[in-house]
Amino acid sequence: MSRCKGSTMSSAMKYLSKSINTSILVSLKNGSMIRGILKSYDNHLNLILDNAEEIVTTPDGPTSSKIGKRVLIRGDNVIAISTSKIEEEDEV
Amino acid sequence: MSRCKGSTMSSAMKYLSKSINTSILVSLKNGSMIRGILKSYDNHLNLILDNAEEIVTTPDGPTSSKIGKRVLIRGDNVIAISTSKIEEEDEV
Amino acid sequence: MSRCKGSTMSSAMKYLSKSINTSILVSLKNGSMIRGILKSYDNHLNLILDNAEEIVTTPDGPTSSKIGKRVLIRGDNVIAISTSKIEEEDEV
Amino acid sequence: MSRCKGSTMSSAMKYLSKSINTSILVSLKNGSMIRGILKSYDNHLNLILDNAEEIVTTPDGPTSSKIGKRVLIRGDNVIAISTSKIEEEDEV
Amino acid sequence: MSRCKGSTMSSAMKYLSKSINTSILVSLKNGSMIRGILKSYDNHLNLILDNAEEIVTTPDGPTSSKIGKRVLIRGDNVIAISTSKIEEEDEV
Amino acid sequence: MSRCKGSTMSSAMKYLSKSINTSILVSLKNGSMIRGILKSYDNHLNLILDNAEEIVTTPDGPTSSKIGKRVLIRGDNVIAISTSKIEEEDEV
Amino acid sequence: MSRCKGSTMSSAMKYLSKSINTSILVSLKNGSMIRGILKSYDNHLNLILDNAEEIVTTPDGPTSSKIGKRVLIRGDNVIAISTSKIEEEDEV
C-alpha cells in the first residue's frame, strides 16, 4: 500500500519537494491566504511553514499580518499552492 | 490495490493524460475558475498547472489575473475540467 | 477488493454503461445542470462528457451555454443523472 | 471485506430490497424531494428510479415536475427514504 | 477487520440494540427532528423507523407531521439520538 | 489494523476513558453545546451521555433544557469536549 | 499499514511532538481560535489541551475566555496550529 500511495500522490509530492525552503502562497477553503517558507509536508498535504503571514486584500492593496514563526496547516483545508519558481526540466 | 485503483480511475486519468501540456479550464468548489497548462496530475485529481490565471466574469466580459507560474490544485476542490480538444478515436 | 467494489457499484455502473454515447443531464451539488454526451465514466462516478453545456433556467425558460467540447466532471459533485432512455428489460 | 460490508449495510439493503418496483420518496441534502419507482440500488445507497419527479411544496400544496424516465441518484446525497409499505413480519 | 469494526462501534451499537422497538428521537444535520419506532439499524447508523413523524417546533409548541410508515435514514445525517429509557445496569 | 487504530486514537481514547461517569461538555458542529454524564464512547468519538441537556447562551446567561435521559451523539459532529478534571499524572 | 501511516503523517506528528507542554494556538473551521498547553495528540490531529481558552477578537483587541481545564479537540476541525518556537535544527 505504501508503494501505491507513494505513486498516486507523486505529482503533488514532487511539487512540494521542489518548493522546500522557498516561499509559497497557500489558499485555504475558509477564504484566507497564507504565505510562508515551506519547511516540511506529508502526503495529506499537511504543511509546515516558517514565518507564516496571512495576506489580506484591502482596497489599498494586500496587507499581511504575522500568524506564527512556525505553523502547521492541515492538508484538507488547502485549495491551491502557488510558487513563482518553474523548473527547467519538464518532469514534474 | 494499485491495480484496482488504476482501473477505477481510468476515465479521469486517460482524460488528463491526453491533456498534458495543453491549456485546461478548472472550475473549483469555491466558485473560482482557473486556467493553465496542465503539467502533471495524480489519481486524486491533484493538478499542477503552469502560467495559471483566475478567470473572473465581469459585466464587461471575462478578465483574468495571474496567480502563479506553477500552481498545485488539491483534487478534492475540483468540480469540472474542460478542454477544447476532442480526440478522433472514441476510446477515452 | 476489486470484486467487492465491482459488485457494490453495479447499479450505478450498469446505468452509466447503458448511457454511453447518449445525452445525459447531470445535476451538481453547486446547483448547476450540465448536459452532454456521456463518453466514459468510472466507479467514482467521474464522467467524461462531449459537447457539454450548462443549462440555466430563466424566467423565459431554460437556456444553455457551451462549456467545453470535452469535460471531466469529478464524481463527488454529482447529485443525480437522468436520461430519457428506459430499457425494455428490467434488469438494471 | 465483502462479507463485512455486506453485514454492516444489511438494514438499509433489506429495506431497499423490499421496496424494489414500488414507489419511494427520497429526500436529498439539497432540500429537494424525489419520488419514483425503485428499480435498483447498491450499498452506497445509489438509487435508480423510474418515472422520477421532483415534489415541490407550494402554498397551494405539493406539485410535481418530471425529471426523467430513469434517474440515478448518488447515494451520498440521500437523507431519508420513505415508503408506505410495512411488511407484516418484523425482521427488517 | 470485521472484529475491529465490531469493537469500535460497540457503544453506539449497544445503545441502538437496547432501543429496538422503542420510540427514539433523531436530530439530523439539516435541522429536522424525526421521531419513530426503531426497527433496525446497522453500523453506519443507518436507521429504519416505523410510523416516523417530523417534529416541528412552533411558537405554540411542537407539532408533528407524518412522513412515512417505514423510513430509512442514512446514518451520516445523524447528529444525535435520544431515548427516555435508561437501563439499570451500567454497562452500555 | 486494530493495533494501528488503537494506537492512533490513543490520546482521545485515554481522555474519554478518564472521563467516564463524569460530566462533560460537548460542542457540536451545528453550534449547540451538550452537557451530560459520559457513560460510553468508541473510537469514532461516538458518545453516550446520561441526563443530557443543551446549554443555550442567552443575554441573561446560560440556560439549559433537557434533551433525553440517554443520548447518543455521532462522533463526526464533535468539535471539542471539555471537562474540569485534570489528572495529576502527566501521561495523557 | 502502521508503518505507512506513521511515515505519511510524519511532518505533522514531528511538529506536534516538539510542541508538547508548550502553548499552541489552534484555528478551527468554525472560525474560533483556541489557545492551550498541548498535552497529547494523535495522528488524526486530535489534540488534548490544558488550560484552554478561546481567543475572541474585539474592536478593543483580543480577549480570552476559559473553556476548560482539559479539552479534547477533534482533529478534523483543525485548520492550522501555530507556535512561536522554531527549532534550531532544520529537520522538521
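By letter and in written order, the chains are A, B, C, D, E, F and G; residue numbering begins at 1 in each of them.
Just so it is clear, a contact is a pair of C-beta atoms (placed from the backbone, for glycine too) under 8 Å apart; a residue touches a chain by one contact, two chains touch by 3 or more.
Everything numeric here is computed off the predicted structure, so don't read it as measured data.
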Item to check | Path length in steps (a step moves to a chain that is touched) from subunit A to subunit F | outcome: 2
Item to check | Required minimum of steps from subunit B to subunit D, each step between chains that touch | outcome: 2
Checklist outcome for this item: subunit E and subunit G have mean C-alpha positions lying a whole-number Å distance apart equal to 34
Checklist outcome for this item: Distance in whole angstrom between the CA centres of subunit A and subunit B is 19
Item to check | Whole-Å separation of chain centres (CA-atom averages), subunit B against subunit F | outcome: 42
Checklist outcome for this item: Check: subunit F positions touching at least 2 other chains come out as 1, 76
Item to check | Ordered ring members, subunit A first, subunit G second | outcome: A, G, F, E, D, C, B
Checklist entry - Given the complex with subunit F, which residues does subunit E contribute to the contact? => result 1, 3-4, 7-12, 14-16, 25, 29, 31, 45, 75-76, 78-86, 90, 92
Checklist entry - Considering the complex alone, what residue numbers of subunit C touch subunit B? => result 1-2, 5, 28, 30, 34, 39-44, 46-48, 50, 52, 67-74, 76-77
